[in-house]
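As written, the chain order gives the labels A, B, C and D, with residue 1 at the start of each chain.
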Amino acid sequence: MLSLTLTGLKLENPLMLAAGIMGTTGGSLKRIAECGAGAVVTKSIGLEPKSGHSNPSMVEVDCGFLNAMGLPNPSYKNFQDEIDTARKGSVPVIASIFGGFADEFSEIAKALDADAFELNVSCPHAHGYGTDIGTDPELVEDITHAVKKAISAPVWVKLTPNVTDIKSTGLAAQRGGADAVVAINTVRGMAIDIETGCPILGNRFGGLSGRAIKPVAIKCVFDLYEVLDIPVIGVGGISDWRDAVEFIMAGARAVQIGSAVGENINIFQDISPCMEAFMAEKQWTLDDIYGMAHEV
Amino acid sequence: MKPVNVIITKVVDETPTIRTFFFDTSFELIPGRFVMVWIRGVDEIPMALSYENAITVQKVGPATSALFELEECDSFGIRGPYGTGFEIKNGSIMLIAGGVGAAPLAPLAEKISSNGAKITTLLGARTRDELLFRERFESVGELKVATDDGSEGEHGYVTELLEAQENHDQIYCCGPEIMMKKVLDIVEPSRTQLSLHRYIKCGIGICGACCVDGLRVCRDGPVFSGDVLKKTEFGVFRRNECGERVRV
Amino acid sequence: MLSLTLTGLKLENPLMLAAGIMGTTGGSLKRIAECGAGAVVTKSIGLEPKSGHSNPSMVEVDCGFLNAMGLPNPSYKNFQDEIDTARKGSVPVIASIFGGFADEFSEIAKALDADAFELNVSCPHAHGYGTDIGTDPELVEDITHAVKKAISAPVWVKLTPNVTDIKSTGLAAQRGGADAVVAINTVRGMAIDIETGCPILGNRFGGLSGRAIKPVAIKCVFDLYEVLDIPVIGVGGISDWRDAVEFIMAGARAVQIGSAVGENINIFQDISPCMEAFMAEKQWTLDDIYGMAHEV
Amino acid sequence: MKPVNVIITKVVDETPTIRTFFFDTSFELIPGRFVMVWIRGVDEIPMALSYENAITVQKVGPATSALFELEECDSFGIRGPYGTGFEIKNGSIMLIAGGVGAAPLAPLAEKISSNGAKITTLLGARTRDELLFRERFESVGELKVATDDGSEGEHGYVTELLEAQENHDQIYCCGPEIMMKKVLDIVEPSRTQLSLHRYIKCGIGICGACCVDGLRVCRDGPVFSGDVLKKTEFGVFRRNECGERVRV
């Protein structure tokens, strides 16, 4: 009842693990797959091994978390093994990748064998990466285009909410040939320790995730659905089945879950039956609720 | 939670490289659980609670060195405690501590001793002066000692004191991974609980930096049963700060 | 100990009532002044009477509120009385005003007698107003300039966080002659009723306020402090004295409180003594903590 | 809170213009508190709870007309209850209800009657058919009636039934503002509690749309003591949806 085909991938359910969550080792990705996720996305992988920003790299705030991991990753050269292990979980494995410019993205994508690629042009706290390029529609289009030319697997582009108009970056991704967009990455934020005046994160500022950002993400998905022909994958603040339904109604074909996995690693298998029961009661299918908020 | 500010009330030199920092705030002490210690402007690192209001730190690098520069009335940030602690068992108990691994085991010893368990501790260190919390272990049961340099007790690793036929209801262990691996090779893994060390970033089970295969040290651990670890890369591989797999 | 001079206005404390909160009647503004606010800002006032969007115009979400009031207001032609009543509260009364273009802003400002003016170029849910102009630095500069030329009272410009780079709108306000900027207005957001798929707000989407947005606001204030010479007034998610201190450390000269007034109308008099006690213990003055996060 | 979805279980025609909608969810009923009723796609409006699981609605405009189109099994959204209800007093009690103002007073009557109070109700309406909840009031005490057209009881306003020397411990009142103002002019204000009607937007004390001078009807009210209202523009001015001051 919850199964769907998304950019050619068959998913048992529309609930995926978000990038950067339990996504560095093949073993952890496999575990999440076995916990009921419809697909899993890896940690964002770059050109060279990177240790990320100094700690604290995550801090809990009201209704969410700030993080500035700084894209720690073992480089794509050490990552195929992890993907192969992850695939033993029997769900699609999407490789999240990042780079400084188009060639880096396509070099990495070409070298990895994954079921799809998610281009991280939206991490708000890594200089020269992520948001630094994801706010520029031209760069987004170029990078997407380069990766599409380089590989045949589906390409998703993950967008940042930290822009005046997310529709224009979404459209740029679509022009570049993206098979789907993913919205949203974290929202720029910061917390200060009042005992000392010291910014808490090692990187001083970071990205807000969790419940706090759900209304922001819903609005982004809603807006993107209105202008795009390709599917939108929703992410940001999902912590129960109601949230997942809300995203799909806003126009998400599928959703990803990040922060909430920390509190409940079984969240995927908890949400699926509740969604099914709700839809059964309402006599709704996934297709019925998809984009429903645009019709009423 | 955001880091709580704690103020140092006392600093105790335990060994030439290890100090205990007592502070003005008490946490619920479930031995084996850890806190994230934020040395402002430097780093945030995991530390076991060695008392309900103290951590016991070995100076090994930049963050621990910065801690060593702090004195009474200075402060640092703490969030936690996090993770799962040791599961308390009764009967005949063995504790195996290597180096600063004694930090979470000393409060555990005191807790299980108050339940009436019979405790034997194997305490190892590089050299005699580095034996941590020997009085705390001695006061609750039998203590056997090993030093790498033979300056006291058995000459060699603490595992030399261990016989395959140990007849204990439970063995608790914390120390260098190599040592813990050896313990698992000698005794029945299902009767052991081991506290692991992995690179911790978020500390709350989200980022995945600390994973041993699919297990999160910060959340599913740091304490695991030996038979669970037997099925993993524990003792063979760990991850560095980039997530690269490296030999232990 | 908490008193300060802000753009020439003398404030007993740095805690002000935010625009749009209990700000339509002189009586309610006076009440808040008597409840201990250092200054009060009126509801945003426009050219003609406006009844706003249809209800629901406010909905509670996790850790905050979404609102789409739609700038209901009695027009400046009916508002001087209210300001005069508000002034009986014996604290500065700042008139928040909005318009579609520079002339409208200056017409309104000229007609009203208030202790300062706050230009609302940042409301995220009124077509042709607020964010529709506040995302364009040139318009922000023009409007600010026009109002500055028209009147002699201090002019503050209230900025929206819904831009790629808030520094550029802040700088535009400064170039236009603003005496201060206020950051932030609400963050674009949306909530959907899953029983029906219906967007909850009458206007479908609205602006997120409350605790959820505090990290976003702190980051905006921090960034603005770095590039501006004029003071920054912080607003967004303040609900206790710690939050107020955090904003000042981030670089706010003073703060405004909105959503939290609903839960606790005495919030101003609750915060002041706690802040004083904290600063006394630390032996800090307001000047000491002002911008502290930039020094450590 | 977000609106809760409630499903209509029964619709009762109370008068030609007033209907009671029972629904499948019960709320704590503190008489005088109100809920925000969301008729999806139309409007969200305040309504007193007339039972713990019902609202009683007079059809006056677009939103109430849309409600009148709903039937059993249809649903609407509810958030609340909000505001402060009537403060319960004992002794000799008078209730003064004008039109649909009887909606919050009927459950109040039942509550104070169960405490043993002696109740007299003055119930007014445009015409005999519009007298709301007369049985509910009759069953707990004495009922006196007035109609504008004289079709039953006193000819004229319900206030005609009121004498300055009313010797009641408390007078509760809900109805058109003009009527409530008159009540305040006749009796001792400090012994009265009145439930007000103002344009409600947020319903939770933030936006200020509902203010009577500095008082928030949605949060400090809707029930106020008469002597508090005496010091305000109540009975003279109200605000329209734009916040303009208009004569009552």
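In this section, contacts are C-beta pairs under 8 Å (C-beta built on N, C-alpha and C of every residue); 3 or more make two chains touch, one makes a residue touch a chain.
This one's a predicted model, so the numbers in the text were calculated from it and none came from an experiment.
The minimal number of chain-to-chain contact steps leading from chain A to chain D is 2. The centroid of the Cα atoms in chain B and the matching centroid in chain C are 50 Å apart.
If each chain is reduced to the centroid of its CA atoms, chain A and chain B end up 36 Å from each other. Between chain B and chain D the centroid-to-centroid distance comes to 66 Å (mean Cα coordinates, whole Å).
Taking each chain's centre as the average of its CA atoms, chain A and chain C sit 33 Å apart. In chain A, the residues touching two or more other chains are 61, 191, 196, 198, 296.
Along chain B, residues 40-41 each make contact with two or more other chains.
Contacts between chains trace an open chain of neighbours here, each touching only the next in line.
Annotation, chain-chain contacts: A-B, A-C, C-D (touch as defined at the top). By the touch criterion stated above, chain A contacts chain C in their complex at residues 61-64, 66, 135, 162-164, 187-192, 194, 196-199, 205, 208, 211-216, 218-219, 222, 237, 242, 245-246, 249-250, 278, 289, 292-293, 295-296. Partner chain C is touched in their complex by these residues of chain D: 1-3, 5, 36, 38, 40-45, 75, 77, 79, 201-209, 211-216, 219, 232-233, 239-245.
Every residue of chain A that touches chain B in the complex is listed here, in rising order: 20-25, 27-28, 30-31, 43, 49-52, 54-61, 65, 67, 69, 72-75, 78, 81, 191, 193, 195-196, 198, 200, 202, 258-259, 261-263, 265.
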